[in-house]
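Heads up, the thing below is written out as structure tokens.
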Amino acid sequence: MTLRVTIWNEYRHERRRPDVGGIYPDGIHGCLAERLAAADLTIRTATLDEPEHGLTEEALADTDVLLWWGHTAHREVEDAVVDRVAARVLGGMGLIALHSAHYSKVFKKLMGTSCSLLYRDIGEKERLWVTAPSHPIAAGLGAYFELEREEMYGEFFDVPRPDEVVFTSWFAGGEVFRSGCCYARGQGRIFYFRPGHELYPTYRDANVLRVIANAIRWAAPVRREAPRYYKAVPPLERVPDRE
Amino acid sequence: MTLRVTIWNEYRHERRRPDVGGIYPDGIHGCLAERLAAADLTIRTATLDEPEHGLTEEALADTDVLLWWGHTAHREVEDAVVDRVAARVLGGMGLIALHSAHYSKVFKKLMGTSCSLLYRDIGEKERLWVTAPSHPIAAGLGAYFELEREEMYGEFFDVPRPDEVVFTSWFAGGEVFRSGCCYARGQGRIFYFRPGHELYPTYRDANVLRVIANAIRWAAPVRREAPRYYKAVPPLERVPDRE
Amino acid sequence: MTLRVTIWNEYRHERRRPDVGGIYPDGIHGCLAERLAAADLTIRTATLDEPEHGLTEEALADTDVLLWWGHTAHREVEDAVVDRVAARVLGGMGLIALHSAHYSKVFKKLMGTSCSLLYRDIGEKERLWVTAPSHPIAAGLGAYFELEREEMYGEFFDVPRPDEVVFTSWFAGGEVFRSGCCYARGQGRIFYFRPGHELYPTYRDANVLRVIANAIRWAAPVRREAPRYYKAVPPLERVPDRE
Amino acid sequence: MTLRVTIWNEYRHERRRPDVGGIYPDGIHGCLAERLAAADLTIRTATLDEPEHGLTEEALADTDVLLWWGHTAHREVEDAVVDRVAARVLGGMGLIALHSAHYSKVFKKLMGTSCSLLYRDIGEKERLWVTAPSHPIAAGLGAYFELEREEMYGEFFDVPRPDEVVFTSWFAGGEVFRSGCCYARGQGRIFYFRPGHELYPTYRDANVLRVIANAIRWAAPVRREAPRYYKAVPPLERVPDRE
């Protein structure tokens, strides 16, 4: 049985800005769908301007891991869809929030914090250090990898303390950032991965793709005996009499 | 300078149910205000039925640590007040969520999860084990303490993994619970403390009071140089030329 | 390629005590080897009384995940072997420490703490609650599982704060325990799993076996580009002149 | 009652190398003792070449928080003293390990890992970002502070995952480092603080001194009811009959 992956993309920059469209002619979602293709994955895409943003109840019920890229139109995402996605994550679906998705409604709702950070876009060098070397999301990587040109995101990143920080970024301009953050929430798992500004070909970088591929497998739902929640009050036979 | 503490209470059960009113004739807030009194604290109270629930901008600006008890009327708390409290926590105010406040709007918003749990009220024994013995919230306690009669709350408690679990409860009926959970959120600190069902005199228990007293000091805002956030993009002089 | 598993057992109780030998006629290692057998695993065993305790350089070089059960003869394990095992864990080998292995030299060395705990053996009921439902070690389990008769281990368990607590035990006699503890150490992963007193048939319990089977896969080494460590001082071209 | 602080220093570089002696004419311990002086602290010092390295049973029994600086003579520290210090930390004494103390016997023993890291000394700029803004060790600081010239320490820092990472360093040459690491161990608390190479006047820097001063208060032992450990097996009255 394959893992069912849905790649969600806002898909506005690519259609409106020739510089972005030139880098991602099929959209960021199209680029990722093509390059993440693998025998153990069934990949589909969804975008903001589809009905219900392409995230109907049926689509989510058929998704094991959801990737999310958004930037300019976070506010256009309907609250009902946000609530649906968040509930599904708490129910076990994996979520991989990419780059500017730190400010997406769904990520902020699941984090409970402002998710604010510093930023600057001058196309500077980013070096991502592996700070959790035994973590499966770091599989296949060396001590670090680099992106020659990226937007800078800097600390303090106002998120809950991650369960694991797989990558910590160094930026040429003087900042650091927790760039690969793992969270367990409810029955599900969340991975935030920092790189991916739309003006650079980051999602064609081999190391970035490897990280996302690893993260999809890591975020796969854990199969548990139904019902996952222990809904009823348990039998009381072990309660001693309190006369 | 003293620490400014506001004790917020829903204050419905005590007025409507004689059994609860008998235990807490001045309300849970009144009981706590009296028993937590100390030279280094300035304590005031606020309740649901006051204008803006007693949590005006001015009141919150004058609060370092907020205690919260609610149960039957979570839905009556106005969203504008919830947002105000949550923003203030992210800005540095301490929050101590007591017992059924796990389902309060403000706690759920800050956690980002369902905050659901098992429960059963048969007045069974709870034994709270110290599982973080070097934590200041455990100061003055032994290896464990007991409450002869309490409501049971059981795992899985659907909250983010706590930064520290100071207490883990054993219940006579067969359940365990992470009963003292520490969180850093934004510039602020949150402590969730499990005991405190309205039908038992839990807030007159010396150990419970000691824990809450310790937690108030632990949750006090850390004074930082203003501005706490680094709002502007930093100077770029350290970015090497990329020509 | 299969995962290479070595099951290490002290193997003294089973040969010396008929009550234990009756439960585990082939030793705890033999019982586990038989019941954990799977197509993706290559399992071998090793015991204390073999030369170098069966843990030669070659044997460890050929091991991906090591299970460890010991109790009465921790002191007989040679320090050179302990150092070799610990170094191999830091280099990436998984380690699963079972029950009384909390006091083994290798576990204590890797934890850096006393690893002390409370204990009592009256064959009481243990109920293990899942407190990390999205963790792969909990796969296939319900909200909890029970062992009708086990030795009790109680808090405070003097170990470093676990990276994850997958199970929290309730004991009939009044104690709780963090029974499934995950640690990253160096390039390797460690899982401590509490149950397994030699007087009870715990290692024939289907849920216990499922947990150990899950843990073996979780603790498998992550393949990284060689060299895993970044040994040389990096090139300095990015250091600005300090004239 | 004041907090009893012992500042331990190897005190070799300062006596043997004029460049270091010029920066710290009274030794690093002397500099720190003078500059950390405060009404709530009773400070004494101890050095390697004193009998028992100045860390007799009596001296440790009279110490609440121990600071440790060592570099060139880690191997000369006697194992008996190392064991004594480590046992005292597990019993509740705070430990603040400074800079090259990452390789001290006592720190390595308490961590259980290699504590290795990258390093390079070209006197480059270090910028320490606050990554836990609500932590009391960050009190009084802004978003970051800088040291114009320091030795570089880089990831992967082979230590257990810290309970909190208060500071993350950026180095001009391309590395990052978890520079302020908090650990609970046994009844005690440990803080590792990265800066402090002997060739730079780091321990005269106001921000560095503020961090160390904050850490001393944070690491102070928590007073608990004696005995801290629950030594005896508990009464069994709550164990139901197992007929």
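A, B, C and D label the chains in the order they appear, each numbered from 1.
By definition in this document, a residue touches a chain if its C-beta (ideal position, glycine included) is under 8 Å from a C-beta of that chain, and two chains touch if they have at least 3 such contacts.
Because the structure is a prediction, the values reported are computed rather than measured.
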{"item": "Self-contact between copies chain B and chain C, residue sets same or different by half", "value": "same"}
{"item": "Farthest chain relative to chain D (centres taken as mean CA coordinates)", "value": "A"}
{"item": "For chain A paired with chain C, centre-to-centre distance based on mean C-alpha positions, whole Å", "value": "32"}
{"item": "Centre-of-Cα separation between chain C and chain B, whole angstrom", "value": "37"}
{"item": "Set of chain D residues in contact with two or more other chains", "value": "132-133, 143, 154, 156, 161, 163-164, 172, 174-175, 184-186, 229-230, 238, 240"}
{"item": "Residues of chain D that touch chain B when the two form their complex", "value": "92, 125, 132-136, 138-144, 163-164, 172, 184-189, 221-225, 228-230, 238"}
{"item": "Partner chain C, residues of chain B touching it in the complex", "value": "127, 129-133, 143, 154-156, 161, 164-165, 168-171, 174-176, 178, 238, 240"}
{"item": "Complex contacts: residues of chain B adjacent to chain A", "value": "86, 90, 109-114, 116, 118-120, 122-124, 149, 154, 156, 158, 160-161, 163, 172-175, 183-186, 229-230, 233-234, 236, 238-240, 242"}
